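Chains: A, B, C and D, in written order; residue numbering restarts at 1 for each.
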Amino acid sequence: MTAKPRARELGIPLEGIPGPYNAITDVSNVEVGYATLIEGDSVRTGVTAVHPRGKMDHDPVFGGVFSFNGNGEMTGAAWVDEGGLLEGPIGITNTHSVGIVRDTIIEWQAMNNALFQKWSCPVVAETADGWLNDMNAFHVKPEHVMFALENSNGGAIDEGNIGGGTGMICYEYKGVTGTSSRKLPEKLGGWTVGVLAQCNFGRRYQLTIAGAPVGRHLTDDAPFTNGENPFRQDDGSLIVIIATDAPLLPHQL
Amino acid sequence: MTAKPRARELGIPLEGIPGPYNAITDVSNVEVGYATLIEGDSVRTGVTAVHPRGKMDHDPVFGGVFSFNGNGEMTGAAWVDEGGLLEGPIGITNTHSVGIVRDTIIEWQAMNNALFQKWSCPVVAETADGWLNDMNAFHVKPEHVMFALENSNGGAIDEGNIGGGTGMICYEYKGVTGTSSRKLPEKLGGWTVGVLAQCNFGRRYQLTIAGAPVGRHLTDDAPFTNGENPFRQDDGSLIVIIATDAPLLPHQL
Amino acid sequence: MTAKPRARELGIPLEGIPGPYNAITDVSNVEVGYATLIEGDSVRTGVTAVHPRGKMDHDPVFGGVFSFNGNGEMTGAAWVDEGGLLEGPIGITNTHSVGIVRDTIIEWQAMNNALFQKWSCPVVAETADGWLNDMNAFHVKPEHVMFALENSNGGAIDEGNIGGGTGMICYEYKGVTGTSSRKLPEKLGGWTVGVLAQCNFGRRYQLTIAGAPVGRHLTDDAPFTNGENPFRQDDGSLIVIIATDAPLLPHQL
Amino acid sequence: MTAKPRARELGIPLEGIPGPYNAITDVSNVEVGYATLIEGDSVRTGVTAVHPRGKMDHDPVFGGVFSFNGNGEMTGAAWVDEGGLLEGPIGITNTHSVGIVRDTIIEWQAMNNALFQKWSCPVVAETADGWLNDMNAFHVKPEHVMFALENSNGGAIDEGNIGGGTGMICYEYKGVTGTSSRKLPEKLGGWTVGVLAQCNFGRRYQLTIAGAPVGRHLTDDAPFTNGENPFRQDDGSLIVIIATDAPLLPHQL
């Protein structure tokens, strides 16, 4: 799946200097796991799991939540806000499977002696893959969540139609799960920032790449641009998980 | 279960004038359903479902969320905040079963043609019943959620060790699910306000009844008061669902 | 001052259809007034006043507050959030003159019998003009605030180095106060949205115009781009006042 | 003014162990200053200034803002939320003088080389003293703010009809500015928590003292209890400044 070239390999002049894998896993010990469900015509969904310290280290990390705009389900947000701590793996999935992912993360924590308190309120976020996936059939099962949690790794990780990103649509192209990282120069601290995104939004004409408004020119094969209502895909959404080893307090995250 | 007298029947001078049932169901069409799980030594949990317009009417109602203090899981809060709408039944359960209740409410909505949009982010809240119930055994199953959703009614509703309130502890007594209502005088509009609460907090000495600090005198049989650490039960919580027919906008709720 | 051509007159292909004045005043009855202080080398500041219903109509309007990112002083925000009402004119000025503008708006309200309640918490926002203006000399006086409040008008309004925008810097050019409006097609309701902005942020290379990344090419005469620290002007800010006649509730604003 | 006995001296059994002064000044270096304006029939107002590290030390302290309920003007709240820092003295005054107190604190900071950044957004809060004081006459002047800032002290501080508390009404008695502190036992860390409150709310029947509902019995001389509308004084408010030397991060404050 990663055989396809990444944007920099195509010569697109993106800013900044990536870490060695240009992935969220460039932040030390972060691990990512996926479960991907593709079957027949109407199963295009999955689960992405992000372990902030890797799946073997259950210590919490400082955490924060920021909503740039709009809304969506993100369980566990109230406790991150109040406690400033992220106490276990993060899950991302489709809108209608948030619950099974959340409860199964708790089950995994209980099985692995990884509960930081007597209760757990895991962070699970969603985007809606209802165009490509039948969300009301609840395809995600506990075993898929366990698979994503257990089969995580650091280093090079997959991108594309995988995990929670399997059924995404973005700028009227196929949307995906993607990742990248940036390393600050040593004189600014040398810290690393890594992101993992699940993208499910946007009209074609809004697409810019490295600052160039290419979406205005790539108008072919963009089924949503033809109609009249300009708000039709404005209810899309985007989940971004940001990890860093910079020494920040919770209220700065 | 309602054979036990309620507070007013015991002559406790509570303020205000209740509606006919002194229950959240005094607000027109509100229905409440319970699933109660009591088994052996370690199953004391359940599900409470509240249909704001009754289980047959799926129109949304205006809604709002307020956190008085502290935190807890409440799925769906982001959409209520953003949209000002509550688009289906509310669930209450134990902390580790929030996910199964949430997803099953969506399933019920899909089965009953009750989805207001192509996606649903139901409101499900929790309190931790881990002292009396083995939360990590995930006793709540989809059929319990369906039972609570289907077996709801208006009018007189049960209180006590029932539904989500089955495993509660409050002021070092057994905590429960309770309900009441108040009707404003006609000259103030005659509107009704009804509440349903799931109570899981408090040290004995903090208990007041109708303004009287009775907890300071009822010190027997209060196992948590004896130790030294005054913060031991401060991590309790309380869910209150408030319904009203007063003509309020979402930002006033 | 408005003799200079506006962006559309220069042929820049901006989206949408403006109202007749392409200004916030295209929303019915909105009036804008300015007081501009330019003197010697270190006085470059002022006050902008926006009357949502014009200076003669003191009825409140529905209102909301949104912080896209970052922070800044905006008095009155707590009451707009709670009440959903904007109860009088909005002021914009420099960071260190927010107080005098706020209290003087109350004085103007008291003089004009325009207090909606026995107290007033006016909305006054700021951007820092400390590079061009000596903010610590407190040049803004009550008479300037009164002038802006009294000398407001609808229809065509001035833009540029005027009112609160007098001392702004934006994308390493001179920043200003600007305004524009858009009218929705009749089939989408025909509502008008108008904005007035006070702009004080940005590095040159971030500048795009109508989607074109022109800032990367216009690198001359941009004194802040030469140094090493990429964060040097990230503490800028931007105030946008948005008015509309679309029928929205406070929580939708 | 402090000749009157305090509550503990009257034998009221309040909980906890106060610090040496039973005042916010028990938290090391905190200083409080007042300016009190009492004149004729309609001047009953003032300014309270709290220096978190004393008036000579301008280093910021960690800070946080919490609104228990309702709203009111509190300038500077956005920056405390974002930065987690309180960068100078706090002011409290009447609703319509918040601006003059805010700008004058900046002026004092500039004069004393006490600006932590090139701009300042001081925290100034208010309660409405409009029943006893003519708020629309703007009696608070810069010299009063300077007086409160300069004439601050630690140790024993005055309570009562003083500073911002001069015109308060509380539980239908005269309201005031008050202060107290508690010291945790050594085994819990030995930290001190001090508070200073400006109280302007409440119906008589709601008053409890040390848990006893005395307001129900002290019904004489309570002019607001006689009428019909039970909401008449519900728009009161209460400002509490809490200082502590406990090692807490901003998001915990």
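Convention: a contact is a pair of C-beta atoms (placed from the backbone, for glycine too) under 8 Å apart; a residue touches a chain by one contact, two chains touch by 3 or more.
This one's a predicted model, so the numbers in the text were calculated from it and none came from an experiment.
Trainee: Tell me whether subunit C and subunit D, two copies of the same sequence, contact each other through the same residue numbers or different ones, using over half shared as the line for same.
Mentor: Both copies, subunit C as well as subunit D, present the same residues to each other, with over half of the numbers appearing on both sides.
Trainee: Contact counts by the stated rule: is the higher one at A-B or B-D?
Mentor: A-B
Trainee: How many angstrom between the C-alpha centroids of subunit D and subunit B?
Mentor: 36
Trainee: With chain centres taken as the means of their Cα atoms, state the distance from subunit A to subunit B in Å.
Mentor: Result: the chain centres lie 33 Å from each other.
Trainee: Which positions in subunit C touch two or more other chains at once?
Mentor: Those would be 81-82.
Trainee: Does the chain-touch network form a line, ring, star, complete graph or other?
Mentor: Shape of the chain contacts: complete, all pairs touching.
Trainee: Sort out for me which residues of subunit A touch subunit D in the complex.
Mentor: Listed in rising order, the residues are 81-82, 84, 249-252.
Trainee: For the complex, which residues does subunit C have touching subunit D?
Mentor: 67, 70-79, 81-83, 95-104, 106-107, 110, 115, 118-121, 124, 128, 130, 135-136, 138
Trainee: Along subunit B, where are the residues that touch subunit D in the complex?
Mentor: So the residues of subunit B touching subunit D come out as 68-69, 187-188, 208, 211-213, 216, 228-230.
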